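Would you mind keeping the following structure in view while I ask a few things?
Per-chain residue numbering starts at 1, and chain names A, B, C, D and E are given in the order in which the chains are listed.
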Amino acid sequence: NSGTSQETGQGVTYKIGFNSSATGASASLGLPEAKTAEMIQKQINDQGGITGPDGVKHDVKIVIYDDESVADNAVSNVTRLIQEDEAVAVVSTTGSGTTIAHIPVCEENETPCISMASAQPITVNADTGETYRWMFKTPQTNGHAGEWQAAYLKATGVSSVCILYTDDGYGKDCLANFKATAEAAGLEIVYEGAYATSDTEFSAQIAQVQASGCQAVEVGSTPPVASLATVAVHTALPEIPITLGHGVCNQAFIDTAGAAANGTVFPCGKITVLDQVADSDPQKTVLQKYIDDYTAFTNGEPISTFGGHAWDAVEMTLNALESLNDGMSLEEQRTAVRDYLENQIQGWPGIGGVFTMSPADHNGLTKESLLFVTVEDGRWVAFPESEW
Amino acid sequence: MKALWARRNLVNVIAFTVVLAALGAVDIFRPFGLSFSALTGRVVTLDTMIRIGILTIVVVGLNLLMGYAGQVSLGQAGFYALGAYFSGILSTLATRHTILPGITGLWWWPWLMIVVSMILTGGFAYLVGKPILRLKGNYLAMATLGLGVIIHILAGQFPDITGGYDGLTGVPRLSIGSFTLWPMQRYYFLVWGAAIAVIVISLSLVDSRIGRALRAVHTSEVAAEASGVDAEQYKVQALVLSAIFASLAGSLYAHFQGAVSPSPFSFRASVELVVMAAVGGLASTWGAPFGVGLIYVVRDLLKSQLERLLNVRSGEYELIVYGIILVSIMIFMPEGLTASSVQFMQGRRRRHGNIEPQRVQSNGTVEDLGQ
Amino acid sequence: MLKLEQVNAYYGRVQALRDISLEVSEGEIVAVIGPNGAGKSTLMNTISGIVSARSGQITFAGVPIAGCRPEQIVRLGLSQVPERRQVFSTMSVADNLVLGAYHRYRHEHKETIAQDMDFVFEIFPRLKDRIKQMAGTLSGGEQQMLALGRAWMAKPKLLLMDEPSLGLAPLLVKEILRVSGELRNQGMTILLVEQNARAALDLADRAYVMESGEVVLAGSAEQLTADARVQTAYLGRKPVSN
Amino acid sequence: MRQFFRGKIGKIVLATGLVFAAIALCVWLGSRQRLLPQHYVQLTLDGMRGGSIYALMALGFVVVYRVTGVINFAQGEFVMLGAMLCLTIHKLPLPLPPALKLIVAIIAAIVLATLIGAAVERLTIHPARRSPPVTLTIITVGVTITLRAGALLAWGADPYVLPAFSTLALEDHIFRFGSVILQAQTLWIWGTLIVVLVLLYFFLEHTIMGKALRACAVNQRGAQLVGINPGRMSMLSFALAAALGAIGGIVLGPVTRPIYDMGLMLGLKGFVAAIMGGLVSVPGAVVGGLLLGVTENLAAGVTNPTYKSVFAFVILIAILLFRPQGILGGTGQATEEVK
Amino acid sequence: MPPILEVKNLRKEFGGLMAVFDVSFDVQPGEIVAIIGPNGAGKTTIFNLLSGVLPPTRGDIRFDGQSLIGLKPHVITGLGLARTFQSVQLFGNMTVMENVMVGCHQQATYGLIDAAFRLPHARREEHHIRERALAQLAHVGLESHAEEPALSLPFGRQRLLEIARALATVPHLLLLDEAGSGLNHSEKAELEQLIRVIRAGGVTVLLVEHDIPFVMSLADHIIVLDYGQKIAEGTPDQVQADERVIAAYLGQEA
């Protein structure tokens, strides 16, 4: 499917596949992602496409699908994007489990896939420990979050911790990473309790937290249940410190947890706490622009980190496409994009952080991509290590 | 009469097989650069066809259970999940846990494990079916619902065994000797071969002593018993058989996806299976492939065309329209695709036919048989 | 009171009633007899609106009712003892009877309705013994009593009875025939389908004979009882050849 | 011996024995978790709150099932609609004092949800009324999909808040008895449940209209023959179920954070509660809901809360096996009658 | 000859209600025996107890010398005891022919696997079943309706079909519950004839019926029930003359 450049300097149309969970269980994450993709499409159209190093202009079409938060649909959609829509690269998808399900499709079809989910096994083969060739991901990992949380708890003199987490992909990943980092930091995990996303009461977990006598509680969930759990812990044990994961870095958490959110601490992507980010920060301009654009595009819907993950993934791909000369076959384009992502994304300031990818690291982020914050009077306040 | 029936079935099966084989062949040989999806105007892809084939196997079983034996199951996705997980876990024992390290390279091991999965799932269905099938009507549906949900939840729990919420990866492709049933074009033949075999089995069953016993149990258990039919035994047999079919489908699914995670086996999936069975037509084996097919085609059409038509992001709109279409299908074809189209054709042909059957309710009794 | 003109009804493509014309005047008992499958029940169901007539006129008390829904027709004062009884099987005997008077609750006192229930229990003391039992667990004959009682509870102007004696013991058959006469004397009009032709003709003022969807004979009860064809086919005067 | 346990007294003895055994097991397991007495009280209280919501949901299922024989999968969506409509109306800038505003929002939401319920019946169930219940049940699945996706479109995927009735704010008033906690909203929920139960029970069991509703499901032809309009009854039942659902959603609103897909799990649990109660019995549904809420919470509390939902469904299966006609049932629903 | 059916002190309670109260009777092979009695006397309940649909509260039932207590209905059918129902219970989703073929269920032995793969032995048996079913239909005169849906038959014919289905199980004893209700005079005469033919074929018949002339001309022996108790037993003439029977059931002028 090689296209030839015409006299007008107009080359083939590049297609970027985009699949997120715009509906279903992960809709609150997937919907802003899908909207971000739409926004970028509009921006490219307004610019009249992208231009390669050879000066040839290319239209870009982002083909957007919804997988309804179901693994089967994710696999189908990615297959369709790769085989039918002939996308050069695919951005997919919102959830870890759903992404992991379509890894074989990306690898077998030798097409770069960038996930917006955070779990480790997305880029690293859990059985062999090797990094997948075609899989990338943009979110900060829960491992990074765990490092912050463990360091904080350690610094405040806590020695035993309870973990409450949602019985879903995010919660399980929080648990695994927090446990690993906390134990490495010498903290004792005295209780782990899960609940379902739809739960409204937590007396069973709270009773066991009380019985276990821990000194701090870590909550690994996303709103709304994160808010309910936080409120429940706060109501029963008003004094106990509560740490959370970066899944609560959206306005919804503060809105729905109310007073119980005050005093909770957690690491956040910089996007949610832009006013806390120093002007010198390399991400500052990118963040500001994304926030402005997204707010304008959606008529003032609250921005979320997840839209940011989509932005990073699509923009990286666009950068890669801009590096291509016209006249390549689809296979060549895919390989070139992959190579670009792996080798040329160096010190790349995005929404999720400053990315530096390598053959061994298809995420490219460090703990510093997150900022530690606390909530005061319903507002996020930066809470740097010096203030602990 | 009888011979005629058998011949009609045979003709249908052959025609069906030929059409599917031809479609599959197109994608292998690509005459004039034509691919399968080009044939369907890029609406239905080969991936979709394989999924239709896999679910057809489940729905044929569900049809036997619901349509013929009249025992509703709202937990069929549970058996489907068991098949997928058993196959997934057993075929990756060596790579994941270094249990039986020698089996990694053996091509027949996954095949054997498919059979083992079927036996395990069937055995499980037998164990739970015995007590549960004493219940009638909606109560059975509820019990199976509970089972399905429990299996779904547990599937996400034990990371060492099931891979937890993220699921199990690295399920190997199937092969015969050194001939790998992959890429998809090859797998297509395997899946549809299995689906057709299941359809043939079901057709034979329905038209036998067993099939009649099941249908009799459906209408009136007392009358069936009085005619010498062991209602309980046949209900259990139907449940076990449907579970075995579901397990087979689950195994094929696992080797198709290469990964198994809990999300496709939720309560919602069980409901969707029932929807597919009903859309195709309960008590009609041929309803299964067409019911599953229709649901998939509608969804794929919406996915690929809605954005173009309405100029909106698919997501929510896709589901809204899908819901409306589903409701419309059931309003206008209450007995499902196959029954309704048969009626439609017969309405043309049979001007002077015999008495139309009375309105028969889902349980097969006439509406007013209230004593 | 009830008048059918040229009524045709179909099941699917099969014609079950052919050009039926029939009349019932106020205060009469009219019987319809005929062999199995003649269309007697279909006739009853067409009048009560369960089967819709494809063509023809049905007027009840001056109101055209062809095309009306059954529940509307009931409200006009027409009630049916249906074939196969149609009792509410998982509801109690009392509830079944109370529901018989459903459309009367809007404008009548509960006491009058309770009195009618006592009347039913007087005729069928067995039902009183079983008052809390679920209708579906009653014996066949008890259910038939319940269906009759339920129809009486509606206090209809016109009562349609489809084989009221079905499954009833001989003593009770006599009893309901007696009660039917009594009801007529109280001003109720009755249209009756019966296999027990002799009893039906004894009770009725007039009768119709139906065969394969058509009215083949009509006349006063005496005329029909004397008719040779009726005698052989329905009264068993001559031994039936086999 | 076997004979004894089949008899009435034997059954009571057996049941009491089982209950005590369950309590003993519960305490033993709880002691391993180092639970204190107040924890059991707390678990029971909270279980009763969750159970009350299940009960309200279950009542909606019962109402529709009794009348139409249809399992209304859309019941959960009415809960969601109730909560969402209420908070949306509450957010409107109406010039009213806060308490009145909330009352207006509640009433308006219930009315709207009821109308939607009636409209759903007219548009989807009524045209298919001649079809078997399976078909109608599948229609409600379609309705569920459409309603939920519509809600996602209208309200997005983010959670919202509905103020607590007592404080008219996000933070509810909390009663503390030692270390046992009770939210004021819980009292609202219980109060609502009691009022609804009494009204509904009276309506369904002691009015002619209630009996007529029931008759429709038992024998539609028979119902028509006594002058009941099954179409209207079907609409009434859906409207009533929608209202019940909306009421449930509204009282639950302040203790949860309403979100477009909240109907999913609630619907499922409500359904389970309805089955436990026998699917046709109003008091049964309430007992079923409470029992489900309390036992799942206690079981979760004394063992591993991860398996809370598993417990719920295990309880379901256990009840189906030992009392298929439901906890309070005795209607012989699960057996066939022969004549 | 030993009786084909012995009922001893049979009792069935529903809650507090004695539907059948210590009833005993015997049926001799080759007889036509009728059970009569007022509505709700317990006749159908006795049939339900005999056929295993309901478990008795106490008492014993012996069929060909074997106790039927605790056996499941299909087992009892297999022993050679068949029945029809007061409210016709046909399989509405099947044709007339298939209804009778269900009756032949135990005349074949092939199982799930044989059926699934259409093994030759299954086909052979199936063929056999068809022939038998057709023969039964011919027996009751319904062979021309074989391929029609069962429920499109008029009510009277549906009763005949039920009898054919019961006969297809090859019974020694046939229980007919109000087989004549809803039939007119000439149809009853045909039924009477059919029952005689059945008996002539070596099948013992036990029937419940409210039509007195019909019963009196057909039955060799009559058992009368009232309120669950046997109040009389004997030949038609004996029973007809019994005071209690007249008071409870027949009425004065019968």
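Everything that follows uses one rule, which is that contacts are C-beta pairs under 8 Å (C-beta built on N, C-alpha and C of every residue); 3 or more make two chains touch, one makes a residue touch a chain.
Note that this is a predicted model, so its numbers are computed, not measured.
Touching subunit A and subunit D together: B.
Shared contacts of subunit B and subunit C, meaning chains that touch the two of them, come down to D, E.
Seen from the C-alpha centroid of subunit B, the farthest chain centroid is that of C. The chain with its Cα centre farthest from the Cα centre of subunit E is A. Per-chain CA centroids place subunit B at a distance of 41 Å from subunit E.
If you average the CA atoms of subunit A and of subunit C, the two centres end up 74 Å from each other. If you average the CA atoms of subunit D and of subunit E, the two centres end up 47 Å from each other. A straight line joining the Cα centres of subunit A and subunit B is 36 Å long.
Among the residues of subunit C, those in touch with two or more other chains are 82, 84, 86-87, 89, 136-137, 139-140, 143. Annotation for subunit B: residues touching 2 or more other chains are 153, 220, 222, 315-316, 318-319, 354-356, 358, 368-371. Shared interface positions of subunit A, defined as residues touching 2 or more other chains, are 23, 31, 167. On the side of subunit C, the complex with subunit E involves touching residues 33, 35-37, 83-84, 126, 130, 137-142, 144-145, 163, 166-174, 195, 197, 233-236, 240, 242. On the subunit D side of its complex with subunit C, the touching residues are 208, 211-212, 214-215, 218-219, 221-230, 280, 331-333, 337, 339. Contact residues on subunit B toward subunit A in their complex (touch as defined above): 37, 42, 45-48, 51, 95-96, 153, 156, 159, 164-167, 169-170, 183, 257-259, 261-264, 303, 307, 313-316, 318-319. Within the complex, the subunit C residues that touch subunit D are 48-50, 69-71, 74-75, 79-80, 82, 86-91, 95, 98-100, 102-103, 105, 134, 136-137, 139-140, 143, 150, 154. Contact residues of subunit D toward subunit B in the complex are 71, 73, 124, 127-128, 130-136, 138-139, 141-150, 152-153, 218-222, 264, 268, 271-272, 275, 279, 306-307, 309-310, 313-314, 316-317, 320-321, 324, 334-339.
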